[in-house]
Amino acid sequence: MSVLTADRLNEARRRFFDSDLWFSFTRSRITVLAAIVAAIVILSAVFAPWIAPYDPFDLSSIDLMDSQTPPVWLENGDSRFLLGTDDQGRDMLSAILHGSRISIWVGIASVIFSLVLGVGLGLLSGYAGGKVDAFIMRIAEIQLSFPAILIALLIDGVMRGILPPDMREQLAVLVLILAIGISGWVQYARTVRGSTMVEKNKEYVQAARLIGIHPMMIMLRHILPNAMGPILVIATIHLAVAIITEATLSFLGVGVPPTEPSLGTLIRIGNDFLFSGEWWITIFPGATLAILVLSVNLLGDWLRDAMNPKLR
Amino acid sequence: MLAFTINRLAQSLLVMFFVALVAFAMFRYVGDPVHQMVGIETTLEEREALRVELGLNDPFYMQFGRFVGNAIQLDFGISYQHKKPVTEMIVARMPATLELSILSALFALLVGVPMGVYTGLNRDGFLSKCFMTISLIGISLPTFLIGILLIFLFAVILGVLPSFGRGTVIDLGGWRTGLLTIGGLKALIMPAITLGLFQMTLIMRLVRAEMLEVLRTDYIKFARARGLSNSAVNFGHALKNTLVPVITITGLQLGSIIAFAIITETVFQWPGMGLLFLQSIQTVDIPIMAAYLIMIAMFFVVINLIVDMLYYVVDPRLRIERGIRGT
Amino acid sequence: MRKTLTGVALAAAATIALAQSADAKTLRWAFQGDAQGLDPYGLNETFTLGMLGNVYEGLIRRGPNLDIQPALAERWEILEPTRWRFHLRKGVKFHNGNTFDADDVVFSATRVRADGSDLKTRIRPEVKVVKVDSHTVDFITPGPNPILHSEWATWFIMDKEWTEKNKAVKPASVTAGTENYANFHSNGTGPFMIVERETDVKTVFKPFKGWWDKPQHNVTEAIMTPIGSDATRVAALLSGQVDMAYPVPVQDIKRVNANAGTSVLKGPELRTIYLGFDQGRDELLESNVKGKNPFRDKRVRAAFYHAVDIEAIKKKVMRNLSTPSAIMISPKLFSKSGDFKRHAYDPKKAKSLLSDAGYANGFEVGMDCPNNRYVNDEQICIAVSGMLAKIGVKVKLLAQPKALYFKKVLGPAYNTSFYLLGWTPGSFDSWNVLNNLINCQEKGGRGKFNLGNYCNKTVDGLTDSVLVETDAAKRDGMIADAFKSLHDEFGYIPLHQQGLAWGKSDKVTLAQRADNQFMMFYVNIK
């Protein structure tokens, strides 16, 4: 049994490394670079509690008198703080590591949430047509009538109203995921619906329908793969948007609690210090965010081209 | 076509009704308008009296019913803060937002489509890779940070562009335009780029993705086999076929550009509807918030209508199907 | 010969004066918000009243150092403790050319107390206002009131005929259903006229040629633009698009000063920022301590006080732009403020006080904080949370925009356990502070903004005596006694008076008033 499993694993591994996917990956230097960078950022975020020099969320360990210390290589730098400290005396490096952790978690979770919701509804809408389509698209319009930021504000506000005060802090991140996730599904749905409407009239789908394949099967096996290109474009960009929406929500004062800042909150706080010369408070988190989003996007670009059989 | 349009219009009204409902449900979580309308020394009793007078203590359905009744007559009430009819205020602010939004959409299209076509045609070219990477940077930073960095660079350090406002505006029968003066145009550059950057990247990548797909299809191969020139194939056949999703997205994006103008207008102190709206959130000016949301909803509904109609023009198959269904 | 020379010199001087007045001196300035409206009784708020203070005038006015100066009243006398007589200035015109007289004062006294006015506190409803002759008015109060006129610099006199003609006899109100003429037009007696206004976009002022006083400014036109975003406002100043902008965020002061041609004018403001505790409830709303209220225990309040390192806040959060305060009022407004000293920063003592009170391991408490109301309000709260964490108190900070914050903490809900708030007494007097913040809550009466209901009947008694005491020394003694009780009982934690930071171009000279009102008639432009 165990030998069999091991064999299978080896077989899978061999197949993966022999695949076109792996080949096209290794061929594109910029993609490899992006993957390495993304992996470093994501891994260091995941292991932040173990690799960060300090715990930036432990208020009793930070000292206000350490605040606004520049990075170690500048004049007045302090060897304890490699990238300097922020306006409260938090170690920037630790804050960035822990902040990325929150941002990445919020970003990925809300994109998955949007994607599943949007793709499902889009397929249903495009394939079923008629009343179902009209209903879903009207909901989409209602939602589109509000800027994503506002939807997030609304959900955040309603949650604040519903949740008891001492739960709010713990659930702040989940509320954000829900808020950003719900605010983003429409794009997927519109795009999938558009492709579905085109695809479903093509001969191969009609043929499949004629020979009695279940509509669900047709949608998943035949229509969805064809809509995958645009979905990936949107998903990669949406990951960036999700992280940035989180930052913008913080900019408007409703994000995560300021005592446990995300990457976006750090940028927002640092933003106030851009003119005054304490650039490290905003530039380091900003650069981390930009690098992370950039590499994720580059990976998305490559993935889209590589997974599209027509482009090979 | 007519039946379809009428049906869509009816649905649109329903949409607006729901927008109003949801918006109204949201207002109670934004704050208490009364505290923003009076000075700190005003007594609690006077505050309560004002609350009663404004009908804020009435049950939700009464407040909502009153609002809808008035809104049908295009009366959105008097702003709590400015004590001025809201419709008037929004109409006065509309030109600023529309000029900014349309200009950023144009910027996004005029830069995004050619870049998308180029990167689609020259998939592995060096310049394509540069375009792809550079365009990503624009969406890797939050809008407010891009705006502030632009101000810092072009207004503070270089001193070539104004840091805020619309510059000189000319009044054309109630429509204040900044498009006719040098100062007005200069003031438009940074906000329009800030606002359009994200859309530009989106459009460019979309056009590229669609171009790549279409170029591999059989009928393009046939077209080439028929000996049509490269440019005829690329632009006459390929680009035209990428238009369905591009129209959808661009149309939808115009609405979200107007909505997203909120942040850009705040950063550049651009006197448009978005800024008015954000200020009204801060001061819990419910009549302005309600009117703005309804307005935005209307924009979207109209845009969606137009996008759906354009579908007919671009893709004949949809026309036939809808025509048969006769909805 | 000598005479001729003088004549020539005079003529030359006149020519120069003419030439100077001929070339335009435009003042472009920016604030973070706009006046809510132009009705002088519409909103009791510093900026709205300050901007209108350039257009309208009261019977008195405040000088650059907030000293009381005669304005529309030339002089006044107290005939008996309950009867004040004001002699009005003659020959004063409103901007529309109408003459100012006693009828306008009597009318304005009625209008400011009418429904819809937000400045009803300027004159109590019981006060009778009687016209003696065309330029004399008596104010008859039910009891002695030594500070009757202290708030009248912002009780602006309106033109009776003008308001009647334009149907603006009542103050602007949302519920009236129509625009109020006075909220969009102005007609004062002040040095500037509003010639153009687009709410939240810009307001244009021109000097009023017929002003009764001699102008000290050389402004020929002034344009006010609200710029909400801090960074954009600073950028506008740095790039020379505006000549004056305020407030400048404390961290940007260095940048503005380093920039060629701009600098920051700093000074103390009157507003006192403080922390308050819920001492009224039997159990805190937001705490893990159940069945009792830890803040009822003086040792817990003292522990919190001793845990706050005010110098660190001053140095790091406020960048030295704050004056730590031991009492709940600005030292500028109370003569005996020097007698008070803050309880020392002493985390060890704080910790032992806390364990004496039975909280050796600390406890959890929710804290409310605005994040767009006061200078660096949110940062102060985070810093305080950190300091309290060091003595074992876990603070759950809820920092919100002011609209949400005030809804939560102000009455009737008083939904808070521990909060940060700021207060400026509108009358520039301690009685206002005692009555609003320090007296026991009474429905419809005192203690309206005593959110945590600190209550000491002796202090209440002192407050009542302060109201009617006309002897200044005795009065200040009683105020000091009241503040002393509060100080000894750790009723509040006063933090500091925040500082003013006005950014300006070097071309501009101006006077900075501690009440944060910008008066354009002290402006000179090179």
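Letters A, B and C mark the chains as written, and numbering starts fresh at 1 in each.
The working rule: contacts are C-beta pairs under 8 Å (C-beta built on N, C-alpha and C of every residue); 3 or more make two chains touch, one makes a residue touch a chain.
Source: prediction; values computed, not measured.
K.L.:
When the mean CA coordinate of each chain is compared with the mean CA coordinate of the whole protein, which chain is closest?
P.N.:
Per-chain C-alpha centroids compared to the overall one single out B.
K.L.:
Measuring between Cα centroids, what's the chain most distant from subunit C?
P.N.:
A
K.L.:
Go ahead and note the Å separation of the Cα centroids belonging to subunit A and subunit C.
P.N.:
Roughly 46 Å, centre to centre.
K.L.:
In angstrom, rounded to a whole number, how far apart do the mean CA points of subunit A and subunit B lie?
P.N.:
23
K.L.:
In angstrom, rounded to a whole number, how far apart do the mean CA points of subunit B and subunit C lie?
P.N.:
Comparing mean C-alpha positions, subunit C is 40 Å from subunit B.
K.L.:
Taking each residue of subunit C in turn, which ones touch at least two of the other chains?
P.N.:
231, 235, 238, 372, 401
K.L.:
Residues of subunit B that touch two or more other chains: which are they?
P.N.:
In subunit B, residues 30, 148, 152, 156 touch at least two other chains, as defined above.
K.L.:
What parts of subunit A, by residue number, touch at least two of the other chains?
P.N.:
Counting only residues that touch two or more other chains, subunit A contributes 271, 274-275.
K.L.:
For subunit B, which residues count as touching subunit A in their complex?
P.N.:
Against subunit A, the touching part of subunit B is residues 11-12, 14-15, 18-19, 22-23, 25-26, 28-30, 123, 129, 132-133, 136-137, 139-145, 148, 152, 156, 201-202, 205-206, 209-210, 212-213, 216-217, 244-245, 248-249, 252, 255-256, 259-260, 262-263, 293, 296-297, 300-301, 304, 315, 317-318, 321, 325, 327.
K.L.:
Mind pulling up the subunit B residues that touch subunit C in the complex?
P.N.:
Counting only subunit B, the residues touching subunit C are 30-32, 35-46, 48, 53-54, 78-85, 89, 92, 148, 151-152, 155-156, 159, 162-165, 266-269, 271, 275-276, 279, 281-284.
K.L.:
Quick one: which bits of subunit A touch subunit C in the complex? Just the residue numbers, please.
P.N.:
Contact set of subunit A toward subunit C: 58-60, 62-65, 67-68, 87-89, 165-166, 168-169, 253, 257-259, 271-278.
K.L.:
Contact residues on subunit C for subunit B in the complex?
P.N.:
36-37, 39, 42-45, 118-121, 172-180, 183-184, 198-201, 225-229, 231-233, 235-236, 238-241, 372, 401-404, 406-407, 410-412, 423, 426, 436, 444, 448-449
K.L.:
Flag every residue of subunit C that touches subunit A in the complex, lowest number first.
P.N.:
My answer: residues 230-231, 234-235, 238, 249, 251-255, 285-286, 309, 312-313, 315-317, 366, 371-372, 378-379, 382-383, 385-387, 389-390, 392, 395-401.
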